[in-house]
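This report refers to the structure that appears directly beneath it.
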Amino acid sequence: MAETILAIRNLRKSFGALKATDDVSLELRAGEIHALIGPNGAGKTTLIHQIAGAVKQDSGTIAFLGRDIGGLGVAERARLGLGRSFQVSSLAPEFSALRNVMLAVQSQQGSSLRVFRRVMSDPTLTEPALKMLEQVGLAGRAHVAAAELSHGERRRLEIAITLALCPKAFLFDEPMAGLGPEGSKSLIGLLSELRREAPILLVEHDMDAVFALADRVSVLVYGRVIASGSVSEIRSNTEVRRAYFGEHV
Amino acid sequence: MQTALLIEQILNGLQFGVMLFLMAAGLTLIFGVMGVINLAHGSLYMLGAFACAAVAAATGSFWLGLVASLAAAAAAGAIVELLVIRRLYDRDHLDQVLATFALILIFSEGTRWLFGSFPLYLDIPPLLSGAVDLPGGARYQLYRLAIIVVGIAVAIGLYLLIAKTRLGMRIRAGESDREMIAALGVDIRTLYTIVFALGAALAGLAGAMVGALQSVQVGMGEPVLILAFVVIVIGGIGSIKGALVGAALVGLVDTLGRFLLPLSFSFFLGPSQGATVGAALASMLIYVVMALILAFRPRGLFQAST
Amino acid sequence: MKRMRGETLINLLLAGMLLLVPLAAWALEEPFYITLATRVAILALAAVGLNLALGLGGLVSFGHAAFFGIGGYAAGILATHGSDQMLVIWPVAVVLSGFVALVTGAISLRTSGVYFIMITLAFAQMIYYFAISWPAYGGEDGLSLSLRNAFPGIGTALPLNFFLICYALLIAALYLFARIRDSRFGAALQAARQNEVRLAAVGIAPFPIRLVAFVLSGMMTGLAGSLFADLNRFVSPSMLSWQMSGELIVLVILGGTGRLFGPVAGAMLFVLFESILGGFTEHWQLLLGLILLGVVLFARGGLVGLLAGKARHG
């Protein structure tokens, strides 16, 4: 069996009386794309927040490459190789696409407390960054400010940034959101290739993408994982159908 | 004798706290509902004091002056909201700080232009002059006691307003989700003007009441404003309860500190050295307390809305 | 690229004007204008410090007067007790203000948004009240320096010489600002301003970056404070006041937040307003307030922004 990269055990998180994450256990194994689906309000984004470190879990463990990361902050987890993209694109808007990626490259290379070399004339930063942009097809837009990129381009920029972190695992939160059919198709192709770099935990609503990409699927409803298995197993699972379509199936 | 002095200082602390509460409540409401930090609040305090002093001098009646201060402050608040604050809702905090700082300059110099640089004097109304006997043999100024009573009344009034009226409901809704209540058809613009004017009136009331204790002069508002900020930071932005607790805390700590620290240091360092060191440390005390509270609760004691 | 050259041109113009005016005044034997130019240079230096934290880092510090005043008092107290050598006073001013920035910054930077603004204001106020209630060094009345401080080999009592010292320090500070802005540290700092969530997500924690920026910023403003005390031969507690903090922010905004020569342009404009408008009416601050309001509401890029267009970030 493939190595377990990310192991979540008995994770719980409540906001007051609302159980956003209710005893969730799941695994991300090497080489796979593990999709996380579920109706709106199921708690998918809260789960991603906890894995990334933006929200502290109430109880349970999160192990990354065998190490318990539950107490680490967002930046530390990113440095360990957890690459995350955001549901709503989160970029440095005034910086160009290139500079956005250069930030990730800089982070990977070590301390940012260096004041003497100009970043724009530093090939150890610009070259790797450009390579990442090429990989996602944005090399031609390298010097465009992130705020001026199209929605689809911003999605790809986010992925380029996570790539630059030499990630050991990807956390993608609805990367297809807002993309038209063309954009979706090209992004699906990109994600499929990315699986070779590192496994992907993919939160998605777009079922075409899920069925095309996922090796395994877990279904989250009201904070609990009600089913987990291959795509065909999930498609025929009655509880899942009930969760999505109601009692009359 | 010592208990009497202590009781007097505690009451002074409460009176100071009441004044801070009036300022802080307005500030925290404005920030909670509209998301705007208003540095010009001290100017509204000053305006209330000047209006009261001017009208009291002209008519001979403190009470007419008080009414004038409320009206003037509320009106100034409404005008400022309509002309300036309205444009700041979507701006970042730096722009809000600068614009309201500009307002301070305008108000301060404008007042100096109208009234000159010399302080105005406001007399305590005859009805409230004199002193009251307290347990322990102390006598306490009736006027100061009245201020404390007014403060408690305002606190109760605000609670009733926010918890029990429709306006209060809209205010609470506005604090949680600005866009939503606009979508629900509540007239946001009027709501904002009312909230701002209400905060302004509270500041003006504070200024008018204090005007009779200290002199009325340009620049009297800003030191109070800064302390009101300390109150809000300690209490938690957006929380009126936090403003009340914070104001009481700041008022008591500051007043008692100024009384007790020089006294304590005099034991070790002798009377004159002790008084100096104690006074200097007392002036820093409330900020040290603020820093300590922030070390454990970066968002204040009653961490209210985001 | 055209835009970049435009800003460089403006910068050279500003640097040139600031140098030429006192030189001309010296030639024409009008020392008053040399003093005015020195005031501009020192205020600009203080504002460059603030620009580091505010312009690059987005840290709205309403308490930078604390550092300005600490530098001033360092100069004043040392001149009274220890040494009147600038080369001794400057490091002391820098280290002291840096230390205070470290302590207050470590607390303030745990907060954000309006909390940060209010807390920096409160800390500066604390230092202000301490200064006026400590009578040994003048209390409310302030502290006088009997002589201008000394620099080896230069007759610092001469207005032009002192101006040139201040100007040199200003240029050095501007150079440092530019290096920081273009460096990895500067990239992280500006990213923290634009989107701190993004910065953390790439593995850089914002807090240490901001703290270092805040300390450097405080140090620069502290140095300016020591020069200011030297210029006026007087340390006034008003150097620590909230009005001074506001003035420093105004300097940065008027010139253009985050722009390299923004503080220089802002200081020039401010001192011009002070002298010209102040000549017309003692209520010139009313006009300043109106102008400031106008700038905030309508002309957000400040003077450099107006002349050179939006900044390009590569």
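Per-chain numbering from 1; labels A, B and C assigned in written order.
Please note the rule applied: contacts are C-beta pairs under 8 Å (C-beta built on N, C-alpha and C of every residue); 3 or more make two chains touch, one makes a residue touch a chain.
What you see is a predicted model; the values in this text were computed from it and never measured.
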item	value
Neighbouring chains shared between chain B and chain C, ordered by label	none
Longest centre-to-centre distance from chain B, chain (CA-based)	A
Most central chain, judged by mean C-alpha position against the global CA mean	C
Whole-Å separation of chain centres (CA-atom averages), chain B against chain C	31
Euclidean distance of C-alpha centroids - chain A vs chain C, Å	43
Separation of mean Cα positions, chain B and chain A [Å, integer]	48
Multi-chain contact sites of chain B, meaning residues that touch two or more partners	none
Footprint of chain C on chain A - complex, ascending	52, 54, 73-76, 78-79, 84, 86, 90-96, 98-100, 102-104, 106-108, 112-120, 125, 143, 145, 161, 164-165
Chain A partner contacts - residues on chain C that touch it in the complex	179-180, 182-188, 190-191, 194-195, 197-206, 208-209, 212, 311, 313-314
Parts of chain B lying in touch with chain C, wherever the complex brings them together	31, 37, 84, 87, 93-95, 97-99, 101-106, 108-110, 112-113, 222-223, 226, 229-230, 232-233, 237, 276, 279-280, 283-284, 287-288, 290-291, 294-295, 298-300
Residues on chain C engaged by chain B in the complex (per definition of touch)	54, 58, 60, 62, 107, 110-111, 113-115, 117-119, 121-123, 125-126, 129-130, 132-135, 242, 246, 249-250, 253, 257, 283-286, 288-290, 292-293, 295-297, 300
